[in-house]
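In what comes next, chain A is part of two complexes: it sits with chain B in the first one and with chain C in the second one.
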Partner chain A sequence: MPNDIAFYLIAAFTVAFAAAAMTLRRLVHCALCAAAAFAGLAMIYLQLDAEFVGFAQLLVYVGAIAILIVFAILLTRGDEVRPGHSQSSPSWMAGVAVAALMLAGMAMAILLSPSLQHPAPSAAVAPVKQIGGELMTRYVLPLEMAGVLLTGALLGAVVIAMHEESDVKQPARCPASKGAEPDEAMSLR
Partner chain B sequence: MNALDSIFISALHWLAGLAPAPVRPLVSMLLIIAGLMAAFGTCFALATILERKTLGRMQNRFGPNRVGPFGLFQPLADGIKMLIKEDIVPFSADKTLHFLAPLALTAPVWMAFAVLPFGRNMSAIELDAGILFFFAIGSASELAVFMAGWSSQNKYSLVGAMRAIAQMISYEVPLVLAAVPVLMAAGSLSLPDIVQAQSGVALGWVPRWNIFTPWGLAGFALFFIAATAESNRCPFDLPEGESELIAGYLTEYSGFKYALFFLGEYLGLFAVAGLAVTLFLGGWQAPARWLEWFPSWGWFAAKFSALIFLFIWVRATLPRLRLDQLLNFAWKFLVPLALINLFAAAVWWKLPAAMAIRWLLCAGLLAVPYVWLGRHWNGVTPKRRHYGYAQ
Partner chain C sequence: MNTPLSHYLILSALLFCIGLAGAVARRSAILVLIGVELMLNAANLNFIAFWRYGPHAEALTGVMFVLFSIAIAAAEVAVGLALVIAIYRQRKTAQVDCLDSLKG
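What follows is the complex of A and B.
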């Protein structure tokens, strides 16, 4: 079955990059490997004929979230490799415990979910139009909730960023305003 | 359909027919890929010489004119020069990422050509969500730019990469939002369907291309601006601003890797220009019925070339923006206008068709915010400039 071979190849790709994302030394390498693992997941979706989900995964995770992670690493300067430091952090046991709990919880939710009782539909290709219709009718409330939540997060981020900017600006303006009127200095900006 | 129109499809069928039956799908796929790479590789070479010639003409100089007649063999000379140049990798660079970055930029861009319809029945794969595929593939180039900038271990490279990513993320929002009214009009995410939805004429002579509606015109302008920024071209080319950052994330690249970056940039421009033709300029449709003797791929090529010329013209005309102006322009001007455009398109489809008032109303809905936003988006009310020292 060529389909099975493709699945195993993609799965091996995804797992390998996920493992690399956890074990590599430099954080930027880890982030890039995580992006590759996201792309592998997208390939698995595509192999399951879920076109929309696959492309959305690529667009959101590889295009946006990986960039976000990379920016966070660069801005916090967490990238420096400290010599003589052990590779794993001392709290790795706690991390493993949390991961195991997460896995158990998700496995239980998936195994107990009613959708496993039905046999898989033979033609699982959901057209984009149908997905859009469902999102706007049956799942409109979760969609709106997610939208409100994200807007709130966005506004919070803007508020935090604006606060910092005004702190930095204050001392910088004094020497600049020597020559010109303060109002004019602002309007030039 | 006439033979000239389907000449590429017939050639493909004939060539694939020479192969034994079991491998025929594979062979035809490979032939399509080879054809696309040959066509757009040639386009790349032609675009470089066209760009240098046009820039020269607009700046009142000759441009390249030494190699071959009218300097036409200049791309060949450049290619050979790039191939035999020494490939220098900085000592402290991250070797693997430094090597992978040009590949990671170029490979996805080639994939974007797979969904574009170049003529009647001429798209390599017909996806139900073709335009989504296009944007998803395009978003991979940001990571490649980051890889290039970070792996060089050079401050100029890193700053250039950060600028490029900030710019690409910001302008991706208006780019996608400008395309959404077209999707609403066509009721589909598939690019051949979008071209089909723009067939026919209104009022007896105006082709029903999206650009001839108010929201289409505004959408095209927004899309064009955002596409210029996405492909890092002047006036949005400050990730590579030579006078400030040497060459941005390309600083530590030389030889063929530099050429690959250049190729990736031009191909990205071609892909997004092809998408603009498909979304707003009616794709491969002829502008009038009596012009349909010209093959559909010829119309696509004509519109595509005109658009590429427009990009070059803009580059020759406009000065470079400052970084804060660039980002403010995206978030405070383009994004709100794109959202208003979405609303105007909805109004357009709710009003009865074939009404002059519909055109006027939608144009007004767009023109008023355009003027108001244009005057106030940077928080400064425009007043007469005062040149204190120059007088």
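What follows is the complex of A and C.
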């Protein structure tokens, strides 16, 4: 029973921080709330007896990805909060409506399915030793591919973000130039 | 562990839809990326929940899938944020609705 209460508390924490991450105005606040939501998910993994995945989630998401996002926000400062300038796209209501419809559909499917209502089987453990053994035997090829992919992504990220002197500096034509000044727009293309 | 599996799936659906709403409604490219990450995490939660409640937990398939998924998500975020920074350097903006030069 305490396990159930823990689940509902962590679930409320995670959903609240995820919603805050998607609705707050300042980008840094959004990134920090997203990190908290990822930490909540790591707690849910721990509560589901998947210790290794929980700690991997904590290391990768809270430790690395959140920091990376904060760095990207700091490097792209300047187009953030302008007074009287909306943070959401013009058709945001349609997007939120689509998401709400999708949630309603999925929730109905989940709640109406009788096979999902039974409690968990008692024993399920994923010992780290067994995970390591599986990674080195059955999943060794995917593990190597993941290493190659990470190396490629690292090199690709460096190459993409590297500073080039020949950058074409195009000033932002947004949002004042929506539909305006067609001559300049034509000459730029 | 008396919580039924459906509660985990509802939590996952909630997170997925919050991420989806953020990804399609916000203008900042970085926030779109955070929304995509939330959706990915919701899918990971489904894998772990089904692994825990499934009949063959000793096979560790759900755990393995989530581990590889986390590794790929890390690569994706690195490249995605590098793209955002490169676009910002060229166009001085990272708002997705300003990046419409391919629009006919």
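The criterion applied here is as follows: the second predicted complex is superposed on the first by the 123 of 189 C-alpha atoms of A that agree within 3 Å, B and C clash if a C-alpha of one lies under 4 Å from a C-alpha of the other, contacts with A are read in each partner's own complex, and residues count from 1 in each chain.
Heads up, the rule we're going with is that a residue touches a chain if its C-beta (ideal position, glycine included) is under 8 Å from a C-beta of that chain, and two chains touch if they have at least 3 such contacts.
What you are looking at is a predicted structure, and each value in this text was computed from that prediction instead of being measured.
Touch criterion met: A:A64 reaches chain B and chain C at once.
When the two structures are aligned on the shared chain, A:A56 is found in touch with chain B and with chain C. By the touch criterion defined above, A:L32 reaches chain B but does not reach chain C.
Counting the residues of chain A that each partner touches, chain B and chain C differ, and the larger count belongs to C. Contacts of A:A107 after superposition: chain C is touched, whereas chain B is not reached.
Contacts of A:T14 after superposition: chain C is touched, whereas chain B is not reached.
Using the contact criterion defined above for the overlaid structures, shared-chain residue A:P2 touches neither chain B nor chain C, since it reaches no partner. Once the two complexes are overlaid on chain A, the chain A residues touched by chain B in the first and by chain C in the second are 52, 56, 64, 71, 125. Residues 28-29, 32, 35, 39, 42, 51-52, 55-56, 58-59, 62-64, 66-67, 70-71, 74, 125, 127-129, 187 of chain A are the ones that touch chain B when the two sit in their complex. Residues 1-11, 13-22, 24-28, 30-31, 33-35, 37-38, 41, 44-45, 48-49, 51-53, 55, 57-58, 60, 63-64, 66-68, 70-79, 81-86, 88-98, 101 of chain C are the ones touching chain A in the complex. The touching residues of chain B, counted against chain A in their complex, run 97, 127-129, 132-133, 135-140, 142-143, 146-147, 150, 158, 162, 165, 169, 172, 187-189, 380.
Touching chain C in their complex are the following residues of chain A: 1, 3-4, 7, 11, 14-15, 18-19, 21-23, 27, 30-31, 34, 37-38, 41, 44-45, 48-50, 52-53, 56-57, 60-61, 64-65, 68-69, 71-73, 75-76, 78-80, 86-90, 92, 95-96, 98-100, 102-103, 106-107, 110-111, 113, 116-126, 130-131, 134-135, 139, 142, 146, 149-150, 152-154, 156-158, 160-161, 163, 167-175, 189.
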